[in-house]
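Every chain is named by a letter (A, B, C and D) in the order it is written, and numbering of its residues begins at 1.
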């Protein structure tokens, strides 16, 4: 018996196109511990875990489970070795029931038929003994995210996982829900489960981890215990230099009201109410932050405010005029800029080159239009300007958007939106998945816009971002605005409770 | 989603009733109408319904091919070509072997026809799963290829000894109405009725079915729990194409007794519509196929009765109906989430 | 990157733009060419197996297609409707739509052009010819609008609706040609409309007898289509809707209208093809003519890599095979269906271009693939 | 892979050359059609194949008979696309063929045009009614309604149930309509109360004659309603009906165009006779006249009639045979009218 549940030795993983995602990575998980794997986006944490789980085949290196060298070529091998994984994007079939999702791949059979009732029985036993309540008959897409995460954990336990990999499990949770998760994690380790906890959130690492391994640019930069470490120590290890954890900015000088929202109600794709009867206003020269756990109506709110979606009822007023529903062009004409939540879905046309992407929402008028045709000269000029001003790393204006890194793609979008005269800006999760350098750059630009007198609506699930940038904060829960406060009166705990729906 | 309590799923029967009340009421009305017309003119009603069932056989087989493929996430518009090629191969086989094997040659022909369908499925799976070609283009390739190959290798004057003839099922066949319609049919028709039940069981009550549906909805999720997405897709497409192959064999060896160029005449495309109409369920597809079969039989019957509507207009019925169906006027269908997209591990 | 000399930078930029497209241009030429060669080789093997002489067969095919002025004219005549239907399909591809309904749009175009052709008399050709062409194009456009509107307002996938609309078009035109519009000439027993007046017939070009005017019109339409797609804001909207409808919505483009408009233009191109066929070749509407022209558009569009200018050589290739087919059967005793086989193999190789890229060791230009299928769309 | 590709290519090329060199001589035997001694007959099909078991094939058999009996040099061109009619005729014109046979009413215009342009060549247009006769063009046409009339009379006399059926191609094709109208008139002439059920294929020209499954299913639908004689007239679609009827005892079927006892042997168990339009002898006759220099112009009516009863000869009573021959005489001298006018 080895003292290590899992050891990873000298793993190197290259992707087609030459990107080295993991370089000579070593990592050891002690039995019964919570081992945090810390690193920025793109540091190679998820790649490493996908290697361990058999989803990627490494070019070099070995994996040892319980002191024995093993080959893990596919998830089946991993499951057989007692490795379970809870992915950042849940691997659940939305239209299946909880029981169907959990039994998938490990089906109980009775005479060739699926034996769903014995699966349900086993699930109920598991949830009772680990204190993880799930209803096996519920349809997954009807469940809140926290519950879906539990289903994922039960799914791993159903397969007798001894090693549990949790990939960014708190990204979708409130701080309080995260704390609940930590209790569950503790309970699991007490029953002999070893946990790898992947995150980029320093506070959580210090709160729960027994051991911390930090990764940067595909390499392990060090392993340490949390004792005596501060957040900034870890941040420096993670980024490789001193990081300003707080964004520097001046006091805001809010002026006239630019945007007024009255009694807004919005439905989502499935026709369910996503935003319920909310009202607020936004003033020039301020950043209004909307805090909330993902999936509480922020996406739909942003889409309505930017004209992508039509509201069910309620009014939006800009410059004292009622805005027509679902008309982005009207809003663009009235000085709106929008950095969307999902840059691949909304922000960019990936197969287009940068020139065509830069013209995306102003292609229809001068300078990009000359009569019936497009003025390609002007488009090219604008693109080169943005590349220069926003420090976009690319081989040139004609390179395809899909060839850029996430940070550079986001810079192109921000550049496009900020290079025309605007009076209000909607930014939704502006730094999700970006490296620290890009995050800092984008934060600085947002504050610059505020200082120029632009009204900024910032929607973010990252409390640090909200607290760092916003001047005034609204909290959204279940589609409703549950609180409003100036940033000075806000702190993480308070916001966390509000985001979880409890009265503060 | 805003409310805290999650929806609890109903038991299967209850949700079936809730989701399909339109279907069920249509079914009820249909039954009443059938009994009414049977009372009015028993012979004609029986004849029309028997014709509807006959015409529905290749359609429901083709539709079940579509169901198996699409449930696993692969669009198959090559059903038409698969049917045509299998019809040809099945017929040629039975023709070549009829001297050596006698009547058994037809059955060998059926088997080889089915296998040749499977081979076309293999080709489609290779194109769409391994090469990750666009699936609609892959299907188009199969359609064009089948027309070319069967046309080129077709020879004149080939005649099979016979075709598969009706086998009345003893006393069952003597039951009024139902007996003639269901229990006095040739063997592949019985086999088709059996296959409808089998495919239904396969999809909803077996491990394979659960995995197939998971792969069609969320292939990566299936992959992470150790389900081999490629294998599921390959096997489903091949299996499904075997059913299309059976439809082809049905055409040459049971329905007609000879092969002719282009003899599928768009049935593979209609089968796609039937599949959508039936919401990708075997029984739904069967109902839809019966409806299409009924439309054709009705067209014939109207002419029999010398009712003077231009037959082209009556002939429009199934096509207009299909458009109404996909336009959602007769209840919407939900596509499997991953339908039409190739899966790649990395 | 600010350049003090604007004219210099302009040249530089044009060169830059061109340079970045070289691999794209090379791959769009080399893959189909190699595909055609391989397909002909496979066709040769099939011919050998069935005991025919491939050299003789291909020789006769070539002679029939290009052997003399008549052959060339026939090739161009065959290519003409194929260019139109290929353009129709390729254009819809650009907006992410798969217009299998070019067939139905084309035969409606052909029918309506013939109605204008025989129904109006006493006007000079200079008016009558374009009038009938426009009428045919309009009919195709209106018929194309149906699947577009269905897609937009109900989400019904155009593949299914256009297949069904093809059958519907066939039934309706058959009925009309054998009923109300049947040629009343004494002794006529055939289901067909009357012959169009000479004033509606597309005239021949003076001096160049091998070049049908319809072909020139087709090439002109290809250029206009290219210009529309790549130079105008409308084309940009269409392409954006095709590549990423969400981004189009984000950018304030009217996706619904764009989808309908795309189908209208696609139908217009197909309908115009039908009209040109009626006024240039058939001179009336008759069921049984124009049978597969719309479906062939799919092959042509894919073979031409969905580019308007790619459609022309693709149509010429298939047109030449069609024009020489009878000659090949006549002189070399080879069943004409071999052409369908070769065509399917070409299509397969072009679609699965990675096979060819592997053979000629060429890397794919990103975003080169064609992607259409993602469900039937009756949800969302 | 690359190597494999090239070696395959080389092999294929090599094989082509071997075959090409070995088979180079085969065409040398052909004579020159422009010379006086060589009598050349060419045939252009309608869209479809020479072996369609239908009118293309029948006409080709007539031309083949001309080869056997007259020593003609013959060849055919299959039409793949309806716009090629004229071009395909020109293939023979260029080689100075003496007689060109075109098959199907759809080629009527193209044939007339070619005939006008080439007065030295004799044209035979099968199923092509001539409104304005051209000297070197004979339309070989048939009174299908008369054949249908005989078939209808036979059917009515054979029927015990009093219900007879017809499964037909499309009404877009005039001969099919003529067969149907004649069939119905003939049946009614025997039994005015007879229950006649007949139906056209619902599809367009491109499918109506090539949908045997519909034919079979429709025949079954008719039999289920008591029809005990079924007339299948619609190319391959009709053949599907005949084969279906063959599996049902006590039911007769009647074929069309040629004696289908030979062309559809699967139907022999039910095939009592066929309503023939004798294309093959008609073509042979016109070709012979062309060679002899007695080529008629305008419309030339080919023979129609019922085919032999073959093995059903003893099932058809002498009464029936007598009645049929009376009707035939009546149709011939005009005393009986089918009531059909195109």
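Annotations for the structure displayed:
The working rule: a contact is a pair of C-beta atoms (placed from the backbone, for glycine too) under 8 Å apart; a residue touches a chain by one contact, two chains touch by 3 or more.
Every value quoted in this text rests on a predicted model; they were computed, and no experiment measured them.
Connectivity note: excluding chain B, the chains that remain are still joined by touching into one piece. Here A-B and B-C are compared, and the pair linked by more C-beta contacts is B-C. Mean C-alpha position of chain A lies 73 Å from that of chain D.
Work out the mean CA point of chain A and of chain B, and you get 44 Å between them.
Inter-chain centre distance (chain B to chain C, centres taken as mean C-alpha positions): 31 Å.
Distance from the chain C centre to the chain D centre is 35 Å, each centre being the mean of its Cα atoms. Counting partner chains per residue, chain A shows two or more touched chains at no residue at all.
Annotation for chain B: residues touching 2 or more other chains are 266, 312, 315, 334. In chain C, 171, 174, 335 are the positions where the chain touches two or more neighbouring chains simultaneously.
Screening every pair of chains for touch gives A-B, A-C, B-C, B-D, C-D. On the chain B side of its complex with chain D, the touching residues are 43-44, 46-48, 50-51, 54-55, 58, 155-157, 159-163, 165-166, 180, 251, 255-258, 260-263, 265-266, 296-297, 299-301, 303-305, 311-312, 314-315. Those residues of chain B whose C-beta lies close enough to touch chain A in the complex are 1-4, 6-9, 205-207, 209-211, 213-214, 217-218, 220-228, 334, 337, 345-346. Taken together, the chain D residues at the contact with chain C in this complex read 1-2, 5, 8-9, 12, 15-17, 19-20, 23, 47, 49, 75-84, 87-88, 90-91, 105-106, 108, 129, 131, 170-174, 202-206, 342.
Interface of chain A with chain C (complex): residues 269, 306-308, 327-332, 338, 340, 345-353, 356, 359-361, 363-364, 369, 372-374, 377, 380, 384, 387-388, 396-400, 402-403.
Contacts from chain C toward chain D in the complex involve residues 38, 41, 44-45, 48, 53-56, 70, 74, 77-78, 170-171, 174, 177-178, 185-191, 277, 281-282, 286-289, 291, 322, 325-327, 329-330, 335-336, 358-359, 361.
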